[in-house]
Every structure is written in structure tokens, then in C-alpha cells.
Amino acid sequence: MSETRDRGDTLVALLSGPDQAGIVARVSGWIFQRGGNIIHADQHRDQEEGIFFQRVEWLPKNDARAEAAAFSEFASSIGMNVRLALSSHRPKFAVMVSKFDHCFHDLALRWKAGEFQGDIACVVSNHDTLRDAAEHYGLPFHHVPVTSGRKDAAEKLQLQIFTDHRVEFIVMARYMQVLSGEFLRALRRPVINIHHSFLPAFAGGRPYHQAHARGVKLIGATAHYATEVLDDGPIIQQDVARVTHRHGVRDLIRKGRDLEKLVLSQAVAWHAENRVLIYGRKTVVFD
Amino acid sequence: MSETRDRGDTLVALLSGPDQAGIVARVSGWIFQRGGNIIHADQHRDQEEGIFFQRVEWLPKNDARAEAAAFSEFASSIGMNVRLALSSHRPKFAVMVSKFDHCFHDLALRWKAGEFQGDIACVVSNHDTLRDAAEHYGLPFHHVPVTSGRKDAAEKLQLQIFTDHRVEFIVMARYMQVLSGEFLRALRRPVINIHHSFLPAFAGGRPYHQAHARGVKLIGATAHYATEVLDDGPIIQQDVARVTHRHGVRDLIRKGRDLEKLVLSQAVAWHAENRVLIYGRKTVVFD
Amino acid sequence: MSETRDRGDTLVALLSGPDQAGIVARVSGWIFQRGGNIIHADQHRDQEEGIFFQRVEWLPKNDARAEAAAFSEFASSIGMNVRLALSSHRPKFAVMVSKFDHCFHDLALRWKAGEFQGDIACVVSNHDTLRDAAEHYGLPFHHVPVTSGRKDAAEKLQLQIFTDHRVEFIVMARYMQVLSGEFLRALRRPVINIHHSFLPAFAGGRPYHQAHARGVKLIGATAHYATEVLDDGPIIQQDVARVTHRHGVRDLIRKGRDLEKLVLSQAVAWHAENRVLIYGRKTVVFD
Amino acid sequence: MSETRDRGDTLVALLSGPDQAGIVARVSGWIFQRGGNIIHADQHRDQEEGIFFQRVEWLPKNDARAEAAAFSEFASSIGMNVRLALSSHRPKFAVMVSKFDHCFHDLALRWKAGEFQGDIACVVSNHDTLRDAAEHYGLPFHHVPVTSGRKDAAEKLQLQIFTDHRVEFIVMARYMQVLSGEFLRALRRPVINIHHSFLPAFAGGRPYHQAHARGVKLIGATAHYATEVLDDGPIIQQDVARVTHRHGVRDLIRKGRDLEKLVLSQAVAWHAENRVLIYGRKTVVFD
């Protein structure tokens, strides 16, 4: 949301930890005393759980890297977890795809249009279908087949690719494979996923067919961080579209695609701008 | 949606039945040959199930009541179910309430503002709380306590009240009691209910607290026809509102109330105007 | 949005003024050094105009009234305008109505439901139509006819009523008279108004008829602070609803009423909670 | 919206003309008597202007082309204007672009994904910027510079290109040139345009900057048929997105791009499926 990206190397800190008196004053005081100028600051308290969250962006007087290190120490000294980023730093991310290509094209075009404060480093797919499209965008494409009983090997290869490309997070753009818990633990990087959502929810296959059979009047999509439990991770963004009896299953699927594009790309943009803090099963999004 | 309510006694027919060639031509031909003038007509085919649905509103040349009877016979002769209403007829309905009063006031004020093509005949409650409010609106109020082990007796009394007031359908305006299957079968009138909806869904009590704990970004409400299975009946209308981490449980509940008012009143308006056809577990809404 | 209203006497300050280095640190430092505990804080910079805005809510260690006075002095000393309120303080407001009653009932019912952090002190109308309704809600009703050539006298009387009731702001709930510039200047209190909005806009009378003739697909409503120029004041909230060719003028008007209720009541709630800062022709809403 | 595209050659007729008794019966009767089977039918009456509109889709018993000709004669005989299309017919359309490419990519990808019942025949631009992108999609690209004082010649060339490619309609995908009245008259084909919309409207340049300065809470986009008067043609579709004081001009523009993509592509889809009827300054959209 900031108009300030081009005005020098600012620092963004995402803080979280036990709520305590004076925390806002201490953080802003620390920055001020060292000549920093706060550009944006937003904070939140979860009063039931006694947790404090803050996103603060400032223009340091001193060298930004050195200041980041110093702030990190300071945050530890007051018992806060912190994630720090320089505004000049553009995190790299991988896009995982299968055959559905709507989210893939949407992400690639937004990236080329400069909508993300980060860069797609590579595309990984269990099919070779989107190789040409990826390469036309100038993106390295890795075909990693996932065959029955060989998922382990595939995941090892994927991990290697992510490490080689130095990606900081992964986006599942309608990647139609479940990631194993071991893989997620080995990754130690956030994974953003997208899935359809309905009121009521439908278990089992062919959810759009079920939704149509049930006559729902709204269909939705949810972007969340992937966890071992399918579609149960912390929610980043959600949206819905209206449908009527005049819409067939094909129409629902088409409207669902538009929702998936909008919701996933918004989640990626927020994540890349360090606007999302996870805690427990939920998120704070400083939009 | 019609602007035509005040221009004479039109007939509204809601037809449904097995799809067949020429059905539209036969219905409109029947009306035309008897000098009727179609004001509105809307139809729908469920192509998977082979069912045809039509809502047709026309100005008959002959006496409307006689024409209704003749049309009813004609519909049977071509194998169609039909529900017929004269535009001058305003169905009576009962409103069931407990202590939450937002939907109750909303319905009563919309009724007084002339938004419904029907009339509230009475208010039935398991508490005496809203007696004054109901009577101020000029509405008969019946207090029918529902005590443990005496639900049967209460339901018998409610049934008697509905019959005495000649209500044609019932609206549960946040009535906090489950209706028994026997009661619903004995009623033989549609019952419209409202409940909150979430993505994902939450089982068990205190759903707004659960939704807050899960960090949902949207909350919703669904109006549906009541069936024996709780909150599982055919959906009439749904809507959602956006929430963020800045909203506490109180805010979610407040936003939920606004959704419940809008969604329930829309469902009641459509039902009263004979715009809703139920089939299986879904509806066709000719809006 | 806060869940904290009942936990003691907090202070809310709305600050605005020329942006300057260290402003967040100085404000939070001042509060911290005097033993206060910040509950919520939100700030905004208009970088084009170099203005800083902050809403900060804290639990003071000392007597809240005394602390408010001290903070006011402090704010002046750093060149900031400030508006201060104790959380225990419930501002009184007047509701101005004519004959349309949908916004009036909506405000009265939300007030009774405890949705506002403030109280309706009186109802003022140029017609006597809503006297009974107002008195049923327990609200003093003042009939101030506005006759041609006697607007001056009416405005003097209205001013007197507002002063007598100690109202801090005024809500025009579809009050169908334009307030004169002199009146607004003499009032020295904010006035919140609601009007319909269309894409494109329509000048002249009967806007819903014009919108219908133009075939718009969306209708809207805007709540704003009243200024001398009609419907041109700083915008607080806006919303829209979808319409189709199937909707007649009556339907547009009905949907417009729902929008007006939702948009106006949201604006009133935010204003009463000291969440709205006006500057120039726009607002910052700390929701 | 139909699921029926692949089940043989259906006919779609869009009828409009003076309202008259029995019109629905006559149309459906004509189809039925010739062995046709109506798949979808939707009609509308503008009761103020006394105009009847119908979209009817049927599976003819006889050869579809011959049946289309016969129906056309029949429609004339009852005083109706008619536009007829075979479901197997995919209209060709041209896309006009300048340098902004978001709507262009969106249209091209939806076309490749099979979302339109029609085909992009060529891309025409006053700049050479998007040549590579167009050709990658397999689309002929024509660079027609529009230089001061030479607009006439450019428009002649464009007209020739459209005729050569046999396009049936034109889509201005953020084409930043005004089409002259002469050109539009010579075209004799519908032109769909997209523009931003605000509440209130803003005249003059840099509308997003104006909207930001005015502090609007919603921004919108409108797709309409182009007429000589800029942005004044019959509206096909509109949508809005919510913004706050936290959004800068860049954010408004980015959100505006998403709206433009969704609204324009929906308008193109409806037009290609023969769902839009223009009359006077408005449309009927049979969705």
C-alpha cells in the first residue's frame, strides 16, 4: 500500500510476542533515538491471548543492514520475535503448478506488471504442460513428476530446486498434490495455497458439482498457509461471488477461477510486502 | 420486482414437472387463447435432472378466480405441479421469535413500509420479552413457553395458533428452538429460517467465537427452508461481510446481525411474491 | 471495534498536524512515562500533504480527566491538533428527520441495541409525522416546521434545541431540507448526512428514475459531513448494491433504502467512537 | 450460462419491438409447431416504454440455417426486430489496445481458456509495444499509428482491417483514443469500451488522483457500448472495489486494473453469447 518504495532503503519489522506495558513507546523510542523516521506503523493486540503484534516501517539514519541487526538484538532483549526486511530486498518465490494455468498466468503477468514486491524465481510442476508458457515469461521451468510410491524422491528434488533458487516462500498455484508433513517441516519456508470455499462446506471430490447440486447462492475461495492438515492452515484472504440457479457447473468453475486468481494474488502481494503475521491457527494482515 | 401490482388482478403460477417438448408454447398458448396477457414469464431447466420450472404472471380476461381453477386443471393435464396465487391475495405469515429482536424489528418495519406482498398475522415466542414491541406494531403476540419434556404440548398450541390466524407460511426470526420433524410434517406449510454461515463451517456452540479464533476474513448468513435436519434445508439466499483481525467477537456478532436481517427479509419477500420453487435439496428463485 | 469498553476509563485521542520526525515515539513516550498503557494505536501519513494523523487509546495511570488536560497541553506543545474523549463519555446526538422513516427507525433500534457509543438526545423534524414513533422509543420529539421565508427562525429554534440537549453532533436521517451555510457555521458541531450515489452521477430531481432510465447496474449511497455545498462534504462511508433490467424504479428505491440505513449507521458508529478525522475535503477513518 | 453448447446446433434469437398481447405464445408456438425444442427463454417488458424483449434459444428440428431464415421472416411479420445466431457460430472480434496491457492479456488468456463463445481475430494498436505478446498468443497484430491531423487515414485503415478479418464487434481494451462519430457510423458494428467510474464522478484528467484527493471509499469500472459522446453509451456491466485512506494513488490504479479486467471480460462474454440487447441509452442483459 505504500507509495514510498522508491525513496531509499527503509526497514520493515514484523514483531510479535507477549503483550507488555510501554511496548509501542519502546519500539518507537528506539528508532527515534537512533535518528530513524517511522513511515508507517500498525499494531494489534489479541486481548484474549495477550499477544502484541506490530508492523513498523522506518527510514534509518545509519546503514540499513547494520540497523536491522541492531534492531533484531533490541527486539530479543524485550522478548519479541521479529522478522526484518529491507525495502530494497525483493524476496524470491517459487510457483508450483499442475495443469490448470489460470493462477499461474495471473501471477506471472502481475509479476511482470510490477505488482509484487518480490520475484518469481522458478516454476515447478508435476507435468510438462506449462513449460513453454513459463519460458515465454522468462521463468526457469522444472518438471518434477510425482509418481506413485516415488513422492519422497520428488519432494527431495523440489527441495533442492527451491534451495538452488534461494526462494524464500512457495506459492501453490493450483498444484494438485498434497505436500507431506515431512516436506513442509524440511522446507522451513512458508507455503501459500489456494482452495475453493463454500457455504456450507463440501467434503469429498468434485466440490463444484456438489455445490451446484446443493443450490448454493455464493461460491468462494480462500488463500491460506499450507499445513499438514489439508486446507486447514491460517487464512490470509477470502472472497466470494454470487451465483443463481441459472449458472451451471461450468459457470461455477469459471467464476471460481476468477476468485482464485484474485484471492491468491492478493495473498502473495501481502506476504511479499511482509504484511502477514501467523500465530496459532490465524493471521494478522497489516493491509 | 414487478411494477404492476396495482394494475388489476393478475395471476401468478409457479409450475414444475418433467421437462417436455413444447411446454413453454403450451402454457403461453393456453393463456393467449383465453385472452390473457402475460406480464412476466421466466423459466428454467435443470438439464441434469430433466425438470422444467416456470413462473408466469398474467392478466386474465375472465374472472381471475375461475381462471386460476381452469389453469390448475390444465397444468395437471400436462403433468405439471402448480402453485397459483392472485396478485390481490396477500398471504399471512407468522413470525417466531425468542429474545434476539433484530430480525423481528426488521421484518415488522419492512412490513409496515409495504415491502412485503403479504402480512404478518401474529408473533409467537417462547419468551414474553417482545410482547410490548409486537403490540406497538399492532401485532397479536402469543407467548408459548417451551419447557423441557413439554415441547409436544407447545408445538400443538403453536399449530393451533397458526391455523387460527390462517397463516400460509412461518418465519423463524432467530427463534432459538429446533422444530421437530413431526411438527414440520403436521404444519404442511413452508418454514423459513436464518442461520449464520462461515468459510469454513464450524460445528458446535458459539460459532462466532470459533470463527474469531480461526481468523476468518468473511462471515455469512443463509436463509433456507427448515427441514428436520438442522440448517440443511433448501437455500433461498446468502450473503457475506468482510472482517479483519481488528474485529472482535462483538463486531462479528454485530455484522452478523446485519447480514441476518438483509438475508432473511429478502427470502421472505421472494417467498411472499411466489418467486421460490423448492425441488429436492435446492431452490429456483425467479428474481 | 474494541472489546475493551468496559474495562475502565480509557482515553481516546485523535491527533493531526504537520508530519515531523519522532512524532510516534514522542506521543507513545509521553503516555508510557506517565504510566499509561496503550490499548490501540493507529496512524496515517498523507505524504503528499505532509500531514500526520493518529488515533491512540490508552488506560492512564492517573485520573483520566486530569490526564486528558495534560495530554491536550502536550499535543499543543508539539504543534498537533487534538480531540480527546473518555471512553466512559457517551456523546449525545440529535437526529433530524422529515417523513421517510427507514433511517430513523434503523438508528433508533441500533441505539437501543447498544450498537452506538453515544446516545440519541432528541429528534427534530419539519413534520409531525414521526412523533409517536419517536416517543415510543423514549425520545423527545421537536416539531420545527420550515416554511417558506421563515427558514431563519426555524434554524434558530433548531440551534436552541441542540444546545438545550447538549448534543455534540447531528445526524440528518433523510432530512429533506438543505442547511444554510450560516446555520452550519453557527452550529460548530459536525453534521452527518446521507445521500444516494450513482455511477454515473445524476443532477436534478428524481435520481432513481434517472438511474433507471439510464440502465445503471449498480446503485449506491454515501455518508458524508454536511457542508454548504450540497453533497460535497468529506466522505465517511459508501456502499453499493447490484441491480438489473428486471428491477423497476420501486425496487431501486427499496434497495437504496437498505444501503442508506447501513451506510449512515456505520458512519454514526465510527463518528461516535472518535474514529473519523476530517482534513480538507477528505477523511481518515481509523476502523 | 448454458451447459448446452456441445449438444447440436441450437439457434439463439434476440427479439425486441412494441409490446403486444400474445407475443410469448406466438413465438413459442411458432417454434413448437415446427418441431423445435426451446432450451432457454427469457423475456422482459419495459412497461413505461411499452417495449418487449426476448432471448430464446432452441434446438430446431430442421436445418438450422434454413430455420433461422424462416424465423427472421416470422419475426418481421409480427413487427419484431431480431438478431439471430447459430450456437455453432463463433463471432470474430478485434481487440484495440494502446500500451496498457492488463485488459489485453486478460482477454487473450480467457479466449485461450475457452471462456468466450467467439474468437479474437486480430489486435489493432496505435503503438507497436504489444506486437510480441500478441503474436505469442497467435494473434495477428496491426500497428496503426494515430498522428495529429492524420486520424482520418488511421480510421480508414482500421476499418479495412476489421473488414478483412470479418470481425463482428470491436473491444477497446484500454485503447487510449476517442473514436470519431463518423468512424462509429461507418463501422456499423458494436464497440465495447471500458472506463473507470467513481462516486462522485470526476471530470478532467488523472481521475485516480482526483478520487484519491477526494477521499472516496469505493472505486469502480463500467463497460459500455461506445457512442460519439465519451463514456455515455449503454451500460453493460459495472463493479466496484473498496478503498481506504491507507491506499495511495498507485493502489487505486492497481485495484482499478482488476476491476477493468473483470468488468470488460464479462461484457465481452455476454455480448459474444448474444445476451445483450441495446435500446435507447440502456441495455437488457439476459444473463
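To keep things simple, chains are lettered A, B, C and D as they appear, and every chain counts its residues starting from 1.
Everything that follows uses one rule, which is that contacts are C-beta pairs under 8 Å (C-beta built on N, C-alpha and C of every residue); 3 or more make two chains touch, one makes a residue touch a chain.
Predicted, not measured: the structure shown is a model, and the values here were computed from it.
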Greatest separation from chain D - chain, by CA centre: C
Proportion of interface numbers common to chain B and chain C (over half same, under half different): same
For chain A paired with chain B, centre-to-centre distance based on mean C-alpha positions, whole Å: 42
Computed distance of Cα centres, chain D from chain B, in Å: 37
Where chain D touches two or more other chains, by residue: 3, 47, 246, 248, 287
Complex interface listing, chain A residues touching chain C: 3-4, 21-26, 28-29, 31-33, 37-43, 45, 47, 242
Of chain C, residues touching chain D in the complex: 44, 46-47, 197-201, 213-218, 220, 222, 231, 234-240, 244-246, 248, 281-285, 287
In the complex with chain C, residue positions of chain B that touch it: 1-3, 101-102, 105, 109, 113, 115, 136, 246-251, 254, 257-258, 262, 287
